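The structure appears right after this line, and notes come after that.
Chains here go by letter, A, B, C and D, matching the order in which they are written, and residues are numbered from 1 within each.
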Amino acid sequence: MAGNTFGTLFRVTTAGVSHGPGYVCIIDGCPAGLPLSVDDLLPDLARRRPGQSKLTTQRDEADAPEILSGVFDGKTDGTPIGLLFRNADQRSGDYGDIAEKYRPGHADYTFDARYGFRDYRGGGRSSARETVCRVAAGAVAKKLLARSGVAVLGYVTRVGDVTADIADPTAVTLEQVEASPTRCPVPEAAARMEDLIDSVRKDRDSIGGVCELVATGVPAGLGEPVFDKLKADLGKALLSLPAVTAFEYGAGFAVAGMRGSEHNDVFAPGPPRVHTETNRHGGMLGGISSGEPVVCRVAIKPTSSIPRAQRTVTRAGEPTEILVKGRHDPCLLPRFVPMGEAMVALVLADHLLRTRAARV
Amino acid sequence: MAGNTFGTLFRVTTAGVSHGPGYVCIIDGCPAGLPLSVDDLLPDLARRRPGQSKLTTQRDEADAPEILSGVFDGKTDGTPIGLLFRNADQRSGDYGDIAEKYRPGHADYTFDARYGFRDYRGGGRSSARETVCRVAAGAVAKKLLARSGVAVLGYVTRVGDVTADIADPTAVTLEQVEASPTRCPVPEAAARMEDLIDSVRKDRDSIGGVCELVATGVPAGLGEPVFDKLKADLGKALLSLPAVTAFEYGAGFAVAGMRGSEHNDVFAPGPPRVHTETNRHGGMLGGISSGEPVVCRVAIKPTSSIPRAQRTVTRAGEPTEILVKGRHDPCLLPRFVPMGEAMVALVLADHLLRTRAARV
Amino acid sequence: MAGNTFGTLFRVTTAGVSHGPGYVCIIDGCPAGLPLSVDDLLPDLARRRPGQSKLTTQRDEADAPEILSGVFDGKTDGTPIGLLFRNADQRSGDYGDIAEKYRPGHADYTFDARYGFRDYRGGGRSSARETVCRVAAGAVAKKLLARSGVAVLGYVTRVGDVTADIADPTAVTLEQVEASPTRCPVPEAAARMEDLIDSVRKDRDSIGGVCELVATGVPAGLGEPVFDKLKADLGKALLSLPAVTAFEYGAGFAVAGMRGSEHNDVFAPGPPRVHTETNRHGGMLGGISSGEPVVCRVAIKPTSSIPRAQRTVTRAGEPTEILVKGRHDPCLLPRFVPMGEAMVALVLADHLLRTRAARV
Amino acid sequence: MAGNTFGTLFRVTTAGVSHGPGYVCIIDGCPAGLPLSVDDLLPDLARRRPGQSKLTTQRDEADAPEILSGVFDGKTDGTPIGLLFRNADQRSGDYGDIAEKYRPGHADYTFDARYGFRDYRGGGRSSARETVCRVAAGAVAKKLLARSGVAVLGYVTRVGDVTADIADPTAVTLEQVEASPTRCPVPEAAARMEDLIDSVRKDRDSIGGVCELVATGVPAGLGEPVFDKLKADLGKALLSLPAVTAFEYGAGFAVAGMRGSEHNDVFAPGPPRVHTETNRHGGMLGGISSGEPVVCRVAIKPTSSIPRAQRTVTRAGEPTEILVKGRHDPCLLPRFVPMGEAMVALVLADHLLRTRAARV
């Protein structure tokens, strides 16, 4: 299959580039009967919008999609939901440098290697603006999940050397997350992250971090054995986002230092239901949800575009320097949060539908 | 789609349980003209076989598959390759305990939650014996990749608190890996890992670790933009293996502490070709291979089956204890290596074929 | 998978309804490097446009799509091609009758049965206007096929009891087809068809017919054995079009009366190449193209919307009558031709790409 | 995707060739909890078995599959069902002629064109013996469908110039079908068909025919709009069978001569439910089941292997003659019936599962 579609029963297909006319997204397989309007998509789109200084900032109309189809009388009608995002800004700027030189850390070279040439304007298809489609589709998935009591929330737990200690992932609220522009729910850590990001920007540099994602209310039994394990699909979903270099769930990489007697979560009886006393397994056993919260984390690399001259080569293979223009976030983490939530929601919505076929 | 198929053009479908008659694997989409015989499959199958004490150990015939189809006159003929693995041991043992009690860390509870009941014999479909299919299919993929100069190798870099320092992942050889039953290519670290695993076993416990996987010779340009990025498909492939709880490539989670100026790999001219001076990007930029070695790592949890009584509940939800019988590896890492290599090879073979359609 | 995507490597996904804001179509998997502009799409779109009285009629701008992505510097760039068709006419007409009553021969009842309700405006998702997406995507596929010397042409061979005798399907030209508004390339038959359609319209009725589709230049070797046979994919493609009730290729249903000695096409040597002396097999043997022209036919039912009162029931299940409003073609055949060609082109383009993976 | 898998949620993958060790079939996605044993598969396998003279003939053990997985305690357990069919007869016969010469009407030439060479023994992958897998999988699908009250039955309506008049397709019983070795349920026509087939065989020739397939009890609402219409999936399923050259449903090709006023089926109220007074639409409107019986027909070409010398060419392209050896059915129709039923059942089972995701 061509690579611009995600999901099996709840499927998202996207097209578009950052400096063309716009993006389209087709969400196919959303069940009929879900109340839906553009207003349901705007909050998460506002959270991913570039240039937010504060959460109260008015959302830029340019990111408001048009719903072209799939909704009738205020509800999804079972037919594919078409979304259109117009690009506000298509000025024919001066792209000469990135047309002829490869930006370090970007996909310029690899697109050329794959296709022979590339749309270099603003990164073309590799631009992170493509995530407007994912975030909007994720908002639809979240609405579907909410009907089954499933909620997805992400937050920043690390920026550079500043880490936030989250005692209980399920206790974090959206309000806590949105209280800081860093989207770190621990105020003291958030303040230090803010300072760090500020100092990195002044350094004409960028910084990486970690985002944790939590899904609560996930019923036990989601996920297919073997290849389409829930953990595998979550990993793919999150790694398909730009700048993500690592994924872990539950104890994650820390399992490498653990013994079985430390790591195993013991089962305990209800009421209200069988559960595990601890959740080192991150809500998935054998790749199938256990009913405990699904908890995972991803690492985001520092923004590749930094306002410094960097060594590189031209398309012709000659050594040169490049100074990447434009304004770029010095840290991707705050805006990553809604993107990560969206991908988790898409995976869970897909498996929720697939699970309906698990028993006669 | 049902979850027992992996890949798009090079596709693997498996069926079978550990205590039934056997496993079948269908490899569909292998191009015609590849020399292939059972002997090509045996070395990697021997590496994953349970009960290896030393690498020179004769392989158990029970793991030798029968090739049912897809090979004619010693070469693949374009039709699906059917493999059959008979299970040697199907004695109707005493399974009463795991039938009625949930083993901590296992998929017993989640299978019940999903399907209403489960084949409890030896873990049924969640048994790691299913990986015989993957390892055999991976051996076919490796042969296909070898024709394009691509090689895949894995090795153990961590067990518990013992880590091996690998200066250059591309310098590790199969001989170094196979020189120790730990599959750690650094002799001193390997010896300490061996001691640690031995002491853990005597403790009636188990231990986790980390496996690194390297693909060399990967041409630039493999991987689809957006959802089917090479990094995303590798992540899914490896996370679909039992006991894998984390995946990272290149600098991985370490990016969280890095600045852009530290992380970006600068491009340098040839000869022989454009390349990056360093490989913190793990051979993938924008999800597409860059021509540098593809390097990734996964964490493997400590074996869930430990020979100790553990608290749990019965199917009826009553508290109880369980003592898991049978002989289990105290550390999964050594046998994981060929499984991890197989999944990397399957992903690369699939993308190698898909890439043929990238240009007119 | 949700049902709004067609193809494996050359994939088309559509969304939209006839009386919403518009349609979007995403063509994913078109190789990079194919020259493409909107002008390439307009001729076939003009051929499917409603309200053509003569072929010289100026095309309605409303059917000209906007290319949102996938084309750079005048060539496809390997990323998905997004197309947007605005609906010119979204007046909130009087839909009361079809909202509450089921039109005979239409999908009103079955959509309600499937989804619980439906977008009744102009047929909603079941409107044949969705084929603008297919025809545009088919035009892209035709351009790709042309590079391999493959051409697809359709024409009308029957309307009601008027049949056209086509001595040699490969001798028919586009000019002959377009010479009559019927798209029947045999002038005498075309004239009689025109008269018949006219008389049917005056009768406030509609009439069915047959369209033949021919692909020339198809290389031998396209099509997968077993399930994805070329004949099977062609059948699915064409039967997925509205109003198609039958598909046959080569001798088709006539094989039922034939003996093997009559039906078998014998092979003959070149030059220039091995071929069959006759083509009763319609260019496919074992589901794989033989190098002979691919020839198939479909039956199109008479337009369901006829300007007569018809008995039916209300959504509440009460007997009633309905008089379907609006202007409808009394015969769908002329406008079907470009739709049928598009689906044949999509299948061939997909298999052309898939076949690149058939040999090492 | 490689072409040896059929279905989306209820998926069948097959491998094997007629003169290799055997066939394997993996049925993935069958819901858990369906009672199943080999005995459920044998009746349909007996109906497709070669060499039946009378229906009471004992089935050849060679066609009894082994269930390798997917069934536990007598019920499907949600994991993939693996089936193994051993080939009884793998004698290394004299294949020289078909190795070097192309049999008219067969896939020898097209396999060579696609893959460069082929397994020529008994037709290799193009052998109709592959349908053992389909018939067995279809038997599982039939059991699943039966739980929803859906039944599938096929029968022969035409052989050569002998046609059987079926007044009411839903009134035909399995007993009537199996009462004649022709599988024509009309005794007088069956007798004439038997005579015709006998005389054709004596002529060293073969003869084609038509099979009608009926599914009763199909709930309204199965099928996806647009590409995965039920009619499209049925068409593909049946056209993927060897020797099928045409497919139609409802009035089929006869619509070409009909007017809308003749063809439209009017809706009538219940009790017990809304229905159409006639069923020219073959149980599908807009590609979605209407609740009326699904009725379709396929044409089967005369057996390509006839015991006569036929002109052809060698692999080297030299003119020659071939006399195909072995015993072949002079008419494929009787044995086709269970194959056709199986494919219809697979499509309906798949859509039954997919439809569970149609509403919130």
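Please note the rule applied: a residue touches a chain if its C-beta (ideal position, glycine included) is under 8 Å from a C-beta of that chain, and two chains touch if they have at least 3 such contacts.
Remember, it's a predicted structure, so these values are computed and weren't measured experimentally.
The interface with the greater number of C-beta contacts, when B-C is set against B-D, is B-D.
Of all chains, the one whose Cα centroid sits at the greatest distance from that of chain A is D. In terms of their C-alpha centroids, the spacing between chain B and chain C amounts to 46 Å. One inter-chain figure worth recording: chain B and chain D are separated by 39 Å, centre to centre, where each centre is the mean of the chain's CA atoms. Residues of chain A found to touch two or more other chains are 1-5, 8-9, 14, 29, 32-33, 78-79, 111, 114-116, 125, 225, 358-359.
Within the complex formed with chain D, the chain B residues making contact are 1-5, 8-11, 13-17, 20-24, 26, 28-29, 32-33, 66-70, 72-73, 75, 77-82, 84, 111, 114-119, 124-125. Taken together, the chain C residues at the contact with chain D in this complex read 1-6, 8, 14, 102, 104-107, 109-111, 113-116, 125-126, 130, 158-161, 200, 203, 205-210, 219-229, 231-240, 242, 244-270, 273-274, 276, 281-282, 284-291, 299-306, 308, 310-313, 317-319, 355, 358-359. Taken together, the chain B residues at the contact with chain C in this complex read 1, 9, 29, 31-34, 76, 78-79, 144, 147, 225, 353-354, 356-360.
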